[in-house]
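After this come two complexes, each holding chain A, first together with chain B and then together with chain C.
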Partner chain A sequence: MRRTALATLLLAAAVPAQADEIWVTNEKDNTISVIDIATQEVTRTIPVGERPRGITFSHDYSRVYICASDSDAVQVMDPVTGEILHDLPSGEDPEQFVLAPDDRHLYIANEDDAVATVVDVETRTVVSQIDVGIEPEGMAISPDGKIAIVTSETTNMAHWIDTETHELFANTLVDSRPRHAEFVKHGTELWVSSEIGGTITVFDVATQAEKAKISFEIQGVHSDRIQPVGFELTADEKTAFVALGPANHLAVVNADTYEVEEYVLVGRRVWHMAFNADRSQLFTTNGISGDVTVVDVASRKALKSIKVGRFPWGAAFRPTQ
Partner chain B sequence: MNAWITAFLAICWREALRFIHQRERFVAALVRPLVWLLVFAAGFRAALGLSITPPYQTYITYETYIVPGLCGMILLFNGMQSSLSLVYDREMGSMRLLLTAPLPRWWLLFSKLCGATFISILQVYTFLAIAAAFGIVMAPLGYLAALPALALGGLMLGALGLAMSSFIKQLENFAGVMNFVIFPMFFLSSALYPLWKMQESSDLLHDICAANPFTHAVEAIRFALYLQWNPAALGWTALATLGFMALALWGYDPARGMTRHKG
Partner chain C sequence: MHRLIGLAICAALAATSPARADVAVHVAYLRQLVPIPPTLSNLDPVPADLGVAGAALALEDNRTTGRFLGQDWTLEVTEVPEGGDFAAAAAAALATTDLVILDAPVAQTLAAADLPAAAKALLFNATNQDAALREEECRANLLHTAVSLAMRADALMQFFVTRRWTDLALIAGPRPEDAPWTAALEASATKFGLKIRWKKTWDNGADMRRNASAEVPLFTQDMAKADVILVSDETDDFARYIPYNTWSPQPVAGSEGLTATAWSPVVEQWGAAQLQSRFADAAGRPMRPEDYTAWAALRALGEAVTRSGAADAPTLRAYLLSDAFELAGFKGRPLTFRPWNGQLRQTIALATPRALVASAPLEGFLHPVNELDTLGQDQPETRCTAF
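Right, the complex of A and B next:
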């Protein structure tokens, strides 16, 4: 009986798990925690470069790119073996990046250098470096791949880059310390979150004009603590979940009316998040409490918080089926 | 055997009647935990979330934390209330009538206990329904799973009340019960604050809280509401129930406790 159990165990260890995963970068531990979505437990902890932050998968999920900020590199890893294959030249202190729809070009924000670096992941060369504002952080690319956005934390701007010429064609002011940008609604709107300003600015992409501003208010939480950072939209793009940093809450925003409908309590200093395959569950990274809270999207309730490494930062979904 | 069941039902029915005829008591029993939930807990809201302690799986607000403790509070006050009513019964002479029934005394007292517990549980579920209306909702099965824990907690606190009633001579002494039993039992428990919070201020306080049977009753209810099994809490509550029951029987033993007190 015991032998059978042991054999099963060995077999289970040999065959990669068949459940989908959430990959979380732990900024202070220099590791990645891999969460099995089915069991909601950490199944692997993989050592990476120093201060890992941004994380994203190639379109076929055969590679994972990790911003190892203090190693001044973007690392490329085989997600099956957890082995680092090589580093990409990334410029100094890469914090966040976005993979272009062509699955080939990475747009990287170099926080210390006030530039955005474009890297070809196949030839492993820097295609271009674009001067932007001070402390660039948020990166986004339009679904058609024509516009890249960099937000600079100190200049308080969203910089609009033409991806063909690698030139800035517009700069738009946002509230203090923009952290994260995303194109939503099939690329017709750009959302930019401002951490200190405590808002999300919505732009009309065609005109680059400000369309709306979303602000947040939680009873019993001082407005200084309400610091929106990461956000994600549901599959129908009708609802947005916004991480509010040290307010320890997610805001649930109606993406059509830009009104906040509800707040969900999660762990301490929530920054980024990733959905599961059908977007029925959301996984948030809570830096201070060192855990990931699982939120049920339909009921908008926190189900569970899973302990990961110290200061979890970024999160990315990986299907295994 | 039939007589036993008849007596059991009659005593339970009397408890129910007593309860139905005192609608104010029902309202009062509900208002007390609701004031705690909606006023006291509001002051400690912890909008930024309380740390995770089992059985909770994620961060919670204070209102969520305090609900099982307030269920325990209902059981505690009702247990003491039935002790009060026994003292009253004794003064009025109706207790003599009860205790002269041709059945073992333990059975009569146990029936009385079951009746009181049943009433308590009704109140707890009413309270949980109101709490749910204010957004503090558990898993549907949790409400069912809590039933045995509530019954056990109710029996334990009822037995404690019974034991005390055998030692209290007059109704006026009930204020003492309030000060020396209800308050310490409620405040020195995990009903209002998690035990680790107590430990932050004093190890001694923590140890007293951890030994308090009321803590175990509350924890048994808390875990059950979240569909988790806490054998230690249930075990200690059961043990305390037996202990208090034995004490009550000793107190009501005609050869000892009550007669001697009355003398």
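Right, the complex of A and C next:
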């Protein structure tokens, strides 16, 4: 007890800045690993429901939402105590979700049911269920909250949902097995990664028309193994980091020209990622190697590997001050 | 003469199909029923809807996608009884569609492919693993989503090379059904520089349920130095009694122990768990290789229709054989067709009943074009000239 206190004290002295955290879901351990960004060590391991995947915080960071796919629940946790407060009605097999800008509506992909469920996190009720393609997974919502996107892995589409009517207003084909979607550049572009197709499709949001396609090539890695999944953009939205799955690399993409500038070697089967507060560091989840790689954004170099649980999948940033 | 078991599916479709469908795709599924030989054990009965259940799931997948694109899918399944006229059933099906999935022995498959009405049609061999269908008897209108025996044998041999199990023994099954698999194993061992030093044909005389511990040790005594004992028993008759009864403690592979297969219930990576659970929910049983390869046939068609916007056989065939086509088949890499013989490239699972041991091609087996082409007949050695 004393020793812990002393260690904390020393730590606080050495790193006076905030000790922000990265939260990582461990799919095959049913836990969350909490990484202290300052020390780059796992400080807490929190038990959650079965096969946790998607993870996101409420806007004030007082709640964390976790997709516990095999428990058929979205769990709501107090991030300070690590206690599960309650479950949200989520539909079956919630795999991934996105929290609307109103901080109140969760859009959830129900992978086994080919539906997207909209849940009000305050009243804890299902607002709507929307039929989409087979195996929905990637979820995104526009900054103005007007458009929600669901990508379906086997139907190979991005489904465009009008969030007022909860109706589909467009369905656009992408390459095989779309996994992740993000609105970028103030909501003017939608990016969708296709794992088996090996591409990111860029859509013009106003017209839902395909605008560009990003493809990848790594010397010595067969193109079949280059499988883009998660991606994140830097604060200025000029650079994107793309996880390439079993290629074990991140691609660094110029978000204006859509050209790949560089590849960064990380752990095995890299899935998703989260930035720290000033986006100077990036933390990637590496499923097969069971660790998180810390990447320095400016130099584009991997700095460190942090061992977490088995099959880390989702990642989210939590400021502590 | 033939039974329509797809009736329920068709009726359901008719009720819900959108009137505004821009493209209507009708697919026929022809299945030749064959006698199932008697086996010593009744532990693993062959499901009555083998293969068909996979196609039914693919139909649902295609319909879901089709719903967003104005594509209407129907599937009609015809089962030809033992001794029935398969060619006549094929001719009847070809009168309604030029897209046909076949689940039949070699003779019936070729009879269907050689019908004049099939000349401009597109046929899929969903279950037959025979070598000749991909080689000297290949047909330009016949694509194969079933894996070949050569692909399965090569997968096993790659594993043995990786493990440095170089001295092999082979127990060949006595039935005619076992001979092609025995031949494939022998050819593949040669291809990968492994030696089958001991080969014996199984004697089917005894009831192994009672006698295995007495019979098998003696039978395998002279192959006691082999690194692994291969068993060829494609009718699932005696091989299950070999493991743990061998003279010396040896792993068993082939038709028992470590098997090489297009699909297995133990495959769960690359999103396969979702396909497994969707299939189990729909069919009430685990997905077998024949279900997977029938699913792959109808899903390949679905992908081709979605991407090309066409529903006619010549356009779809050209698209399927082009570089543009790829199927996300829950195997960790895109599946494509070999343009020289119409075989669907795919990984092979090396599995025990409880776990996936490895997935072929194994690491280190390189290929200038596609590592999947280290499994089965590659372009330089093909005898197929129809493509």
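By definition in this document, the second predicted complex is superposed on the first by the 303 of 321 C-alpha atoms of A that agree within 3 Å, B and C clash if a C-alpha of one lies under 4 Å from a C-alpha of the other, contacts with A are read in each partner's own complex, and residues count from 1 in each chain.
Basically, contacts are C-beta pairs under 8 Å (C-beta built on N, C-alpha and C of every residue); 3 or more make two chains touch, one makes a residue touch a chain.
Quantities reported herein were computed from a predicted structural model and do not represent experimental measurements.
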item: First (chain B), second (chain C), both or neither touched by A:96; value: neither
item: Dominant contact partner of chain A by residue count, chain C or chain B; value: C
item: Which of chain B and chain C A:221 touches, first, second, both or neither; value: first
item: First (chain B), second (chain C), both or neither touched by A:75; value: neither
item: First, second, both or neither for A:153, with chain B first and chain C second; value: second
item: Contact residues common to both interfaces of chain A (with chain B and with chain C); value: 225
item: Chain A-touching residues of chain C, taken from the complex the two chains share; value: 61, 64-65, 68-69, 271, 274, 277-278, 281, 303, 306-307, 326-328, 332-334, 370-371
item: Sites on chain A touched by chain B in the complex; value: 218-221, 225, 247-248, 265-268, 289, 293-294, 302-305
item: Residue numbers on chain B that touch chain A, as the complex places them; value: 45, 47-49, 51-52, 57-61
item: Chain A residues within the chain C interface of the complex; value: 111-112, 114, 133-135, 153-157, 159, 168, 171, 173, 176-177, 195-198, 222, 224-225, 246
